[in-house]
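Below is one structure, written out as structure tokens, with a few remarks after it.
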Amino acid sequence: MASVVTLTTDFGTADGYVGAMKGVIAEIAPQARVIDLTHDIPHGDVRGAAFALYRAVPYYPPDSVHCVVIDPGVGTARRALAVRTEGRQYLVGPDGGAFTLFCPPFSDAVPEAVELSEPRWWRAGHDLSATFHGRDIFAPVAAHLARQIETGDADLEVFGPRARRLRRFEVPAPVEERDAYRGEVVHVDHFGNAITNLPERWVAAHPEAPVIAEAGGKAMPVVRTYGDVRSGDLCALVGSAGWLEVACRDGSAADRLGLAPGIPVVLRRTAPRARPLS
Amino acid sequence: MASVVTLTTDFGTADGYVGAMKGVIAEIAPQARVIDLTHDIPHGDVRGAAFALYRAVPYYPPDSVHCVVIDPGVGTARRALAVRTEGRQYLVGPDGGAFTLFCPPFSDAVPEAVELSEPRWWRAGHDLSATFHGRDIFAPVAAHLARQIETGDADLEVFGPRARRLRRFEVPAPVEERDAYRGEVVHVDHFGNAITNLPERWVAAHPEAPVIAEAGGKAMPVVRTYGDVRSGDLCALVGSAGWLEVACRDGSAADRLGLAPGIPVVLRRTAPRARPLS
Amino acid sequence: MASVVTLTTDFGTADGYVGAMKGVIAEIAPQARVIDLTHDIPHGDVRGAAFALYRAVPYYPPDSVHCVVIDPGVGTARRALAVRTEGRQYLVGPDGGAFTLFCPPFSDAVPEAVELSEPRWWRAGHDLSATFHGRDIFAPVAAHLARQIETGDADLEVFGPRARRLRRFEVPAPVEERDAYRGEVVHVDHFGNAITNLPERWVAAHPEAPVIAEAGGKAMPVVRTYGDVRSGDLCALVGSAGWLEVACRDGSAADRLGLAPGIPVVLRRTAPRARPLS
């Protein structure tokens, strides 16, 4: 079975850097199915990459390889990694934080990881460039890993020694109070929806009372889907990845409310609903 | 023969939503060739998607599957559809109007369509999300359809009951007068060319007299190709899809003339050319 | 072995023009692996396309086909070409200058080229459009070439007669002085790095003395990698394609210094380093 290699970068495509990575992969692993996950991560936005991966990676067949190059630290001492997640997805890229959401508390297990220190898997016959490890280390390693998966003998440890403590960005835990749950925006997506750190379960745990959300100085209903409010109205709803999102139907909640990572979002229980007489 | 699945969305790629759809397809139909048609449709722009599909879909091999998710109505009662066009292209997506240009009067036949109401073809083993049917319904159905096409037993009716009257946006018919043909801009493309509802045949039908076009308060020649005018000059010409377009060589006619859908464009016959003496 | 066809255009994807080209290729060469190199070349920017190709094409397996359509002259007398580079990469596209960096002095040999004048390889059964040769000539020729490569009988000359003197843009030669090397910016990439015409070898040839670079009225150190300066600092370094680049760590040197093609960049040798006592 042909293996899958996805690519996630902040390179854009116009300069040809991504094109070079695809050429390297086509040379090493001509059978692999190469899939563009995205090249439009904002420059250096490790957090944006982490959320893109979190939304996409779990839907791939096990043993897919995801090459992720957001690398402002290229040429410094930052580590180069290959990681196997709890769900048997492989992640290859610099240790800059993009794999945060595949580590506890977002996964149950600590993922296995190795440091890419074995030059025999890098681009062959050339000096290593000091500025483009996407082409010279990460694409070749992803391609070799894909080949090994095709032949059934993938072994992370051939690429280098075990690596501990992946670099992670902080996602603050929400704070539960008596009738409220205080969280914050952790990411704003391309539609202007603001993803928060408030998990689905708190909303689901309080079906007996209407819950409202507050963000950017406005209160809004917590609904099931965009269609539950009118065009242009604000709402909060559990997004496709399981976290509460602040949204505006047919518009951008982030623009409307000035939302950005770190801005508080509060879920508040209102007076209990009167039970209908039966 | 491996089947083809193309993807058209307004999701952009940066958030990972498209990446999730590709993962779902790779899981269900690992042999399918997945082709990005575009993810840069402006948010909610059903008309833009319709023109992109109109320009691209007819050039695919018959039995290609095109998954088209422009879905501002996700979670409302809008229908989910699979459609087979006159040219045996399959279209899968919400019933929001994106398939307008594959219906009469733009095609000779009414396309076959079914409503996607059979959950067994949706993403398996999960509750349906209320906000992301691209991942949970349309990508899985497109992938299952591609598999059925590979094995030679594609049957739209397994996906749900026959659907009638696809939702369509209005493209006004041009009005013919004695020496003029009055139409309007229906779409502006990425180069700033303004596509009109004036068909090729009216221009072709009047070879005996020079025809000029008027748009945005300016008159311009009707030419065969951009090279017939000087750099920076305005012209009108029959575009690659068979409709008159207002263009500016090496520039944007839309910016220059303030063109947008609905702005009038008139083709006008001028004084007949003197016949050359023979 | 399935062949590789890459696509490079300035079409963007939103209008469906690229989608049409991919459909044409899927019809003619269903086995080919179609790879998006980029569709985000700025409109008509032949030089940008040339640099993207220069960075990417050498990393593909020999006998890959690269379809490159930056074509402001479509419908004029500009030639349509198929080219085989010194490194046995095939380039197919209009003769507008995008292949400059595969010609001397950037390659040792003059590439072989033919003019695409044989309509039997164009899109079958249709009149040639006057505005979209990407779909009607270049994609079909690239696909036919890919098929011929798969079956081992690729022969450029079946597509038309030998073409001489490819159109090229001028890259001025840098000027060497006693203690300085005067060049200029030739291209600015998506990160805001300014690529110059100053080759790696001049920097490498003067290891005994510190070299500084001057651009946009500022002097900056010549370093090995971004990590050698602090975040926000300017530097010059040899980029991944072998030319000196002016960069700003975690920022845009082009924005900071007002750099654009043609702006002078000078490498200057400073006082020799004192030898350490041994």
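To keep things simple, chains are lettered A, B and C as they appear, and every chain counts its residues starting from 1.
Following the convention adopted for this analysis, a residue touches a chain if its C-beta (ideal position, glycine included) is under 8 Å from a C-beta of that chain, and two chains touch if they have at least 3 such contacts.
Note that the structure is a prediction, hence the values are computed from the model and not measured.
*Asks:* For the two copies chain A and chain C, what is the rotation angle that overlays their Cα atoms, in steps of 5 degrees?
*Replies:* 120
*Asks:* Same or different: do the copies chain A and chain B touch each other through matching residue numbers, with over half of them shared?
*Replies:* Interface between chain A and chain B is built from largely different residues.
*Asks:* Report, in whole Å, the distance between the mean C-alpha point of chain A and the mean C-alpha point of chain B.
*Replies:* Centres of chain A and chain B (C-alpha means) sit 32 Å apart.
*Asks:* Give me the residue numbers in chain B that touch at least two other chains, ranges are fine.
*Replies:* If we look for residues of chain B contacting two or more partner chains, we find 36.
*Asks:* For a test of understanding, state which residues of chain B touch chain C in their complex under the given definition.
*Replies:* Result: residues 1-2, 4, 6, 8, 33, 35-42, 48, 51-61, 64, 189-191, 224-228, 237-240, 249-250 of chain B touch chain C.
*Asks:* In the complex formed with chain B, which residues of chain C make contact?
*Replies:* 11-24, 26-27, 30, 34, 36, 43-44, 72-77, 129-132, 135
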